[in-house]
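So that you can tell them apart, the chains are marked A, B, C and D in the order they are listed, and the count of residues begins at 1 in each.
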Amino acid sequence: MSTPSDNMPPGGTWPDLAGRIEGQVHKLPIRVYYEDTDFSGIVYHANYLRFAERGRSDFLRLAGVHHTSLFEGEDPVAFAIRRMEMDFLKPARIDDRLEVHTRYVRASGARIDARQVIWQLAGTGAPQALWQADVFAAVLDTRGRPRRLPVYVRDALAPFVSVPGAGEGA
Amino acid sequence: MSTPSDNMPPGGTWPDLAGRIEGQVHKLPIRVYYEDTDFSGIVYHANYLRFAERGRSDFLRLAGVHHTSLFEGEDPVAFAIRRMEMDFLKPARIDDRLEVHTRYVRASGARIDARQVIWQLAGTGAPQALWQADVFAAVLDTRGRPRRLPVYVRDALAPFVSVPGAGEGA
Amino acid sequence: MSTPSDNMPPGGTWPDLAGRIEGQVHKLPIRVYYEDTDFSGIVYHANYLRFAERGRSDFLRLAGVHHTSLFEGEDPVAFAIRRMEMDFLKPARIDDRLEVHTRYVRASGARIDARQVIWQLAGTGAPQALWQADVFAAVLDTRGRPRRLPVYVRDALAPFVSVPGAGEGA
Amino acid sequence: MSTPSDNMPPGGTWPDLAGRIEGQVHKLPIRVYYEDTDFSGIVYHANYLRFAERGRSDFLRLAGVHHTSLFEGEDPVAFAIRRMEMDFLKPARIDDRLEVHTRYVRASGARIDARQVIWQLAGTGAPQALWQADVFAAVLDTRGRPRRLPVYVRDALAPFVSVPGAGEGA
């Protein structure tokens, strides 16, 4: 029986599985599958939030912050989304190739905020922005009370935190 | 083999399947199932948008506006969400009974806007608001261009459109 | 602000939220929403499994077996699906009213097996079966090892366990 | 504003987005995200079907068969899943790296059947099979009637169709 190990170099195989950090922006490729669309022919609106969460998770992963260590470490902490503001600019469709761009605009105190844009990669021509959002999250302890971001998380993200306005968008 | 017809009065069986309109507010009960939760033990954040869409759809249904007639009629029209602003106030958990409250605050011109609150029904004690959102939708023709709301839709919703502020939340 | 308590008799409001047990069959009504469909115009195939799980959960709920007591009690136990065999007979579409029928055909030893059928309730005419499945689940302890069904669960389900073949289908 | 085009060679950027065909097996990497898990801490059972469908779609894509050309061509055709038999062997968890392996075991007449296995890629040690399925699909015309597979699809898949038993599993 064929197994995954057949063609795998030790230590890795799918180099882009978690996307890439370029400058202060994390970029994650997403393919639109059947599961993402609805009968009107376009991507169901709530699914952009799934795509965006994948981007935030993989940005943390590449920055060295893992959900399991956050949750199960000596000093357990969770992120809870408090507010989202989002614009739906253009619809995505089946088979589209998308790219989720994530910037962390704040990672300090008891807050971690992101600005995200989902782009459609056209076969030719310029990419188009489909969806953009501001995401505001709180840092919580295991009892759900606000607490400060652990120092190792703050330090891991510090090189990537950009000030909005100084730059512009995700 | 048992079939659904065994115990069904002609014309209907599950009277509350589409919720109820009370005054200008539509109320839809929702149960939290496995599918709605994530490994952190609470409802996955994007799923509140699924619950909210069920509420908006069933409000339209009870007001006499059907997706199929909207889409497939002589004068086809679609609603496209343009913007959402939402607050995540408290988490829902497995087995929770929720209630989605929807008010339409505008249904005129080329826009149809709603304010929604998702409540947790406690076994005892007062219900608690878990999630609230302002939802802004555009009316589109089949080519995706803005157009006016069909008169029959505007008239069907007119009795239920409430002015925010004059009232207060969903 | 309107709250759910406004119109609620103490102790409950939505009598059919968990469906009904009729004889040995649990029946749960389901509405097909946008979220359930895909761009081909019909319900995405994996979503029948979501509907079916809602039926199994609500059957247990009405029989007095709660996930929280199963998971968090003194003698914690979980159900893990081991195998499913399913036939997709006809597609469901947006706005369809469905009914999930569940029979438990075994609830003893370390196993709990169900037979399920999802029906489409037509406006007029006979209901049609859209999907049917045999679901085989194992009873596990907190370390994931097989164990016997707790006596209180077995007793709670005993009145509803039907022998397949002796009856016929869900 | 950073855009996807900044760092993109013409014609492509994410070479593994659709996985790879190795011999007669298509391999697609999948990351387990929050959205895929449920409150019991593991991947929700219906989500393996989503992962598997991504694998089948990307196999077709790499073989040169596109949903849009299938659906919108002169000779439109759709695939409808008729039956699935699946075993849930071990659970996947948040952050796991999975690999969906797909073999087409029949693509002729009015049928297209696949065998699929989802593997968990361990950091070290051998991969483990988590889920396996036999998937039986029918070829339909636009009215939902069975019809023969278009010749160009049959020819595109012919090099990859393996006989089960002659080989062994996905």
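One rule holds for everything that comes next: a contact is a pair of C-beta atoms (placed from the backbone, for glycine too) under 8 Å apart; a residue touches a chain by one contact, two chains touch by 3 or more.
If you're wondering where the values come from, they're calculated on a predicted model, not measured in any experiment.
Asker: Taking each chain's centre as the mean of its CA atoms, which one is most distant from chain D?
Answerer: B
Asker: I want to compare two interfaces, C-D and A-D. Which one has more contacting C-beta pairs?
Answerer: Higher contact count goes to A-D.
Asker: Please work out the Cα centroid separation of chain B and chain D, and write it as a whole number of Å.
Answerer: Inter-chain centre distance comes to 34 Å.
Asker: So how far apart, in whole Å, are chain C and chain D when each is placed at the average of its C-alpha atoms?
Answerer: 28
Asker: On a C-alpha centroid basis, what's the spacing between chain A and chain D, in Å?
Answerer: Between these chains, centre-to-centre, one finds 24 Å.
Asker: Check each residue of chain B and list the ones that touch at least two other chains.
Answerer: Residues 34-35, 40, 46, 50, 53, 94.
Asker: Per the contact definition, I'd like the list of chain B residues that touch chain A in the complex.
Answerer: Its residues touching chain A are 40, 45-47, 49-50, 53, 71, 78, 80-88, 91.
Asker: What residues on chain A touch chain C, complex-wise?
Answerer: 34-35, 37-42, 44, 46, 93-94
Asker: Quick one: in the complex, what on chain D touches chain A?
Answerer: Going by the criterion above, the answer is residues 1-8, 13-18, 22-23, 25, 27, 29, 31, 33-35, 50, 53-54, 57-58, 61, 66-68, 94-95, 97, 99, 101, 119, 121, 126-127, 168-170.
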